[in-house]
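Dropping the structures in below, format is structure tokens.
Each of the next two complexes has chain A plus one more chain, namely chain B in the first and chain C in the second.
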Partner chain A sequence: MQTPLLSIKNLRTYFHLDEGVLKAVDGVDLEMQTGQTLGIIGESGSGKSVMARSVMRLIAPPGRVEAGSQILLNTNDGEPVDIAQLPYDGDALRQIRGKSISMIFQEPMTSLSPVHRVGDQILEAVLLHVTRDKTEARAITLDAIQRVGIPNPERAFLSYPHELSGGLRQRIMIAMALACRPQLLIADEPTTALDVTVQWQILRLMDALRNDLGMAILYITHDLGVVAQIADTVAVMYLGQIVETADVFTIFERPLHPYTQSLLKSIPKVGAQSRQRLEAIGGTVPVPINLPVRCRFADRCQFVKPECSIAAPALRLVDNGHAVRCFLHHQEVEHGR
Partner chain B sequence: MADEFLLEVRDLKKYYPVKKGLLRRTVAQLRAVDGANLSICKGETVGLVGESGCGKTTLGRTILRTHRPTEGEILFRKTDGAVVDLAQLEGDALRAVRPQIQMIFQDPQSSLNPRMTVLDIVSEPLVANRLARGDELVERVKFLMGKVGLEVKHLNRYPHAFSGGQRQRIGIARALITNPSLVVADEAVSALDVSVRAQVLNLLSDLQRDFGLTYLFISHDLSVIQHISNRVVVMYVGRIVEVAPTDSLFARPLHPYTEALLLSIPAPDPRRRSTEVFLSGETPSPVKPPSGCYFHPRCKYATDKCKVEAPPLRELEPGRQVACHYAETLELRGVALHS
Partner chain C sequence: MLNFIIRRFVFIAILLVLVSIVSFITIQLPPGDWLSAYVTALKVQGAQINEEIIEGLKIQYGLELPPVQQYFRWVTGLLQGDFGFSFSYSRPVADLLAERLPATIGISVLTIIVTYAIAIPIGIYSATHQYSPLDYTFSFLGFIGLSMPSFLLALILMFVGYKYFGLSIGGLNSPEFIGEPMSWAKFSDMLAHLPIPILIISLSGTAGLIRVLRGTLLDEIRKPYVDTARAKGLKERVLLYRYPVRIAINPLISTIGWLLPSVFSGQVIVSIVLNLPTVGPLLYEALRGQDTYLAGSIVMILSFFTVIGTLLSDILLAIVDPRIRIEE
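And then the complex of A and B:
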């Protein structure tokens, strides 16, 4: 087994509020290999975005990546770096952001500066991380714009964000993220604001670029369809914790955690008979402040057992690469031996 | 369909002038809705689908008469059986019809006044239309709160105390309080999480059954449209390109744009992956649409005829209308049924 590109251990990101400590991410363990696409799926409030931002250390006070968290990145030049330990404003972190790890956000309009030409915005990152030579940097930028399938790169280079459509803006964001050839691309709901046909174009584009450039993608979304189309492995998050992780086929065909099962049942499936009733999950995602020690899904779970409200289950391996955080399946494994 | 229509839209147009320069001269027309024909029967749910900028929201709002149409008729059958043309109504006459057509908005965050209690919000249509007051009003609000699954004891709370799904329920209660016959739901579940979305979709079906509602359900999300609609209307750059019963539309689309839309939905099944790109290029601007069929620059089946001649929306089979010159001969792919 090769050393993972990214290895997250016991990541905890807490927000220290007046009302108490909001545990947005509470003990996440993850591993990612080069060239792999990991899909993180969860509803709003599950902590998936905070988790992704923690990897980039983009957490502002009152939020904090707690001591004891580990985010090990295997950079191209030798020693693994623990991003969680790097000083907040140091050069070391700046070297990783944008160079080793890039990020694409949901709303391309708010992530681009409205007063600079998009070409110059990409150029800035290239000049910072790749080369000091302006001509070379410009060539790299134009190549990046071309790669994301924008027909006229020279013209796009000179445009302002408002002159571009949503799909083109998201392509520019991807070009910017890829210009420095990152090892890891974090994509936080990059297609949620786009139309289906454009979303499909962007998904295919990201997949093709991953193959060409050999990078890993951490893909965050609430859309199960998108995950099924792009991910190799999937982690399901609920209230700051991973409740189930497995390869994409196992998640869709043999999900074990009740939350994963209900998520899959609650989506209207295209191609199914229309006007059938959906199996909705009762209740809503609670706010993770002052949660008692017990299974976090117990309130909404239809298979709840007495022990679920006394102790919190751990994320335990039940099969090769398939881990579940649920008492229902822990026992099966213990009895099965 | 043999049933009487509840709403019939005939050749509806809504243009916005594009103004430029010091004298604000009109230099062009933005054709948001460019000749729409549409009929909705009582008790059915019609899904209106299309991508951003296709005019689906403008069409919905013009039917509600929050926008004044540029041209065309909007025939609406009132509860007393009389048919009125909403496009021609003004002032008091229009106000008298309004309680019968209500709207559910997309964003439960911004469509509820944060300074009003749930009671005020839900009862406002009754107060504004002088339909009820005093105890009767409170009783009616309480009844609807129960119907949409909210607790009556929360009557005096403010919107911020509710979750997104509950807020959407408040919006639904407000829309139903006047006993409307037609409800226009514009992206009513798009802002909600998957699990909550399922709850609200189920609620909308229950309410339709209980109150005999008719929905015009506007959404960009085809899986939601498929789930809730009896019939689907597909729009592209201000024009209706296909109308069909839901199941036949998904199984066998007749317009190339519908085909591209359907195939672009990411299937929640990792065994059905595709690397094909079904639709390239950009949606044209409704200010300067292409000649002929608006879809021809992106259509892989387009011929020279499509560049010059705009295909009219015509009935190909009973209940199925399509605006494509080659609808009879094209073999288009739908989405296979699976359980």
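And then the complex of A and C:
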């Protein structure tokens, strides 16, 4: 098995607030291979965005990636780097940001500077990481704009964000993220703010570019439909932890964690009786401050058992590539063997 | 853009006509006029004035005409560059203004420059170091600056300067230079006198701008495009100035236009207290003495600068902020 491109071990990102320590990400382990698309899915407040931002260390105080977290990146040139250990605003971290790892954000409306031409905003990254030569950088920028399927790149280069539609702006964001040919693209709900047809175009575009450039994509979303379309592997997050991970078919065919099962039941199905109510998961995601040591989903779980309130289950492998954090299935495995 | 500027000039012309009417009426509103006040004062002193002289003066100054005609006399004069005649100084208004306008404009421009030069760095520091000890210090001083009347500060500084440093900070020149022609010595003497009045006049504007800049910059720093820039691998300092500061400066640019009148009115009282040879005290005296043409001309010139300043800041804003491109 090849060495993973990205290997996250025990990632913990805490926000030190006056009310206490908010454990937004609390012990996440992940591995990503080159060319793989990993979909992270979870409700609002599950910590998926904070997790993704932690990978680039885009966490502002009072938030902090805690000591003991490990984010190993296998760069093209040489030794693996532990991003969690790099000094903030140091050269080493800035070499990774934008060059090895790029990020696309949720809001294409506000993620671009309103007073700079979009071409210049892409050019900036190219000048920083690829070449100091202005003419060459401009050519790379125009090529990137063309690649994301924008007709007339020269004109787009000179546009300001407010002159472009939401879909075009998100294409520009993708062009910006891909201009420096990163090994890993983190996409934090890039299509949530767009309408469905544009969403579909953007997803297809990202998938095609992944094949062309041979990069990996870490795709954050709360939309199961999007995950089904783009991901190879899926990790389900709940309250800062991964509760289940498997390849995309297994997650949809044979979900094991009660949380994953309820998530899947909450998708509207074409052809279902229109009178039939969608199943919602009861309760809301609690704020992860001062959580007791127990299963974090116990309060909302239909299958809750006595031991769920006493100990916290670990994420354990139950099948080839299928891990789940639930006592129900841990016992099944133990009894079965 | 050109269309826009032409259209704005038409509006400016209309606006100035309205300002001239309103200011003329306001100055004429109190009962009586300059001449009757003057005559009464002379009579109180026991002087014998015969009616013919009074009638002669009335005709000379145009005071026997109905107000509407007086207004048109004044306005047609203005259009030809004739600002009229000051009763109390017995000199053409144009001469009086020529003496004091350069110092007024000089002090105003310097005040605005100092205001920005102090407010922008402090505003940026306060926003990037929110709730730090220095931020609190600047906020505290800023609120004092906003709430303290500038003439009070002028008096305090004059007192402190005189008592502890033996300085006379009144006026723009030391007594020995008054009436002398301009020379290097006089010029450097003037430079030494300038800082305190300028600091006093700029204080409240500076404090206000610091609050505005700190607030907008705090908003901008949290916008997603800052994360985008950071995710590109830009240095913190570079991205701060290239993105959020660049955008937070825009509201300040749009204030240049109306900073001018507030600087001017702030300067009236400070100039009286500090005995500065600016237009401010002249306006004050003219309004008190119903010196119609002098007061009216000063108000007109001030309005003219204000509308032109506003137009300039609008054009400037359209240049730096592409979102405000003016519709053709």
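Rule of thumb we're sticking to: the second predicted complex is superposed on the first by the 335 of 337 C-alpha atoms of A that agree within 3 Å, B and C clash if a C-alpha of one lies under 4 Å from a C-alpha of the other, contacts with A are read in each partner's own complex, and residues count from 1 in each chain.
FYI, a contact is a pair of C-beta atoms (placed from the backbone, for glycine too) under 8 Å apart; a residue touches a chain by one contact, two chains touch by 3 or more.
Since this is a predicted model, take the numbers as computed values, not measurements.
Annotation: superposed three-chain arrangement on chain A; chain B versus chain C shows no clash, the two fitting side by side. Touch criterion met: A:E107 reaches chain C, while chain B stays clear of it. Counting the residues of chain A that each partner touches, chain B and chain C differ, and the larger count belongs to B. Of the two partner chains, chain C is the only one that A:E124 touches; chain B does not reach it.
When the shared chain is aligned, chain C comes close enough to touch A:K99, but chain B does not. Of the two partner chains placed by the overlay, only chain C lies in contact with A:M56; chain B stays clear of it. By the document's definition of touching, neither partner reaches A:D133: not chain B, not chain C.
Here the vertex is the CA centre of chain A, and the angle it makes with the centres of chain B and chain C is 70 degrees, a multiple of 10.
In the superposition on chain A, contact is made by A:T197 with chain B only, not with chain C.
In the superposition on chain A, A:D89 makes contact with chain C only, not with chain B.
By the touch criterion defined above, A:E154 lies against neither chain B nor chain C after alignment on the C-alpha atoms of chain A.
Superposed on chain A, the gap between chain B and chain C at their nearest CA atoms measures out to 6 angstrom in whole units. Counting contacts as defined above, no chain A residue meets chain B in one complex and chain C in the other. Interface residues of chain A, counted against chain B in their complex, comprise 43-44, 165-168, 195-201, 203-204, 207-208, 222-229, 231, 248-249, 252, 262-264, 266-282, 284-285. On chain C, the positions that touch chain A within their shared complex are 223-225, 227-236, 243, 246-247, 250, 320-323.
Here chain B touches chain A in the complex through residues 51-52, 163-166, 193-199, 201-202, 205, 220, 222-224, 226-230, 246-247, 250, 260-271, 273, 275, 277-280, 282-283, 335-339, going by the rule given at the top.
Of all the residues in chain A, the ones that touch chain C in their complex are 53, 56, 58, 89, 94-99, 102-103, 105-107, 110-116, 121, 124-125, 128-129, 160, 162, 173, 176.
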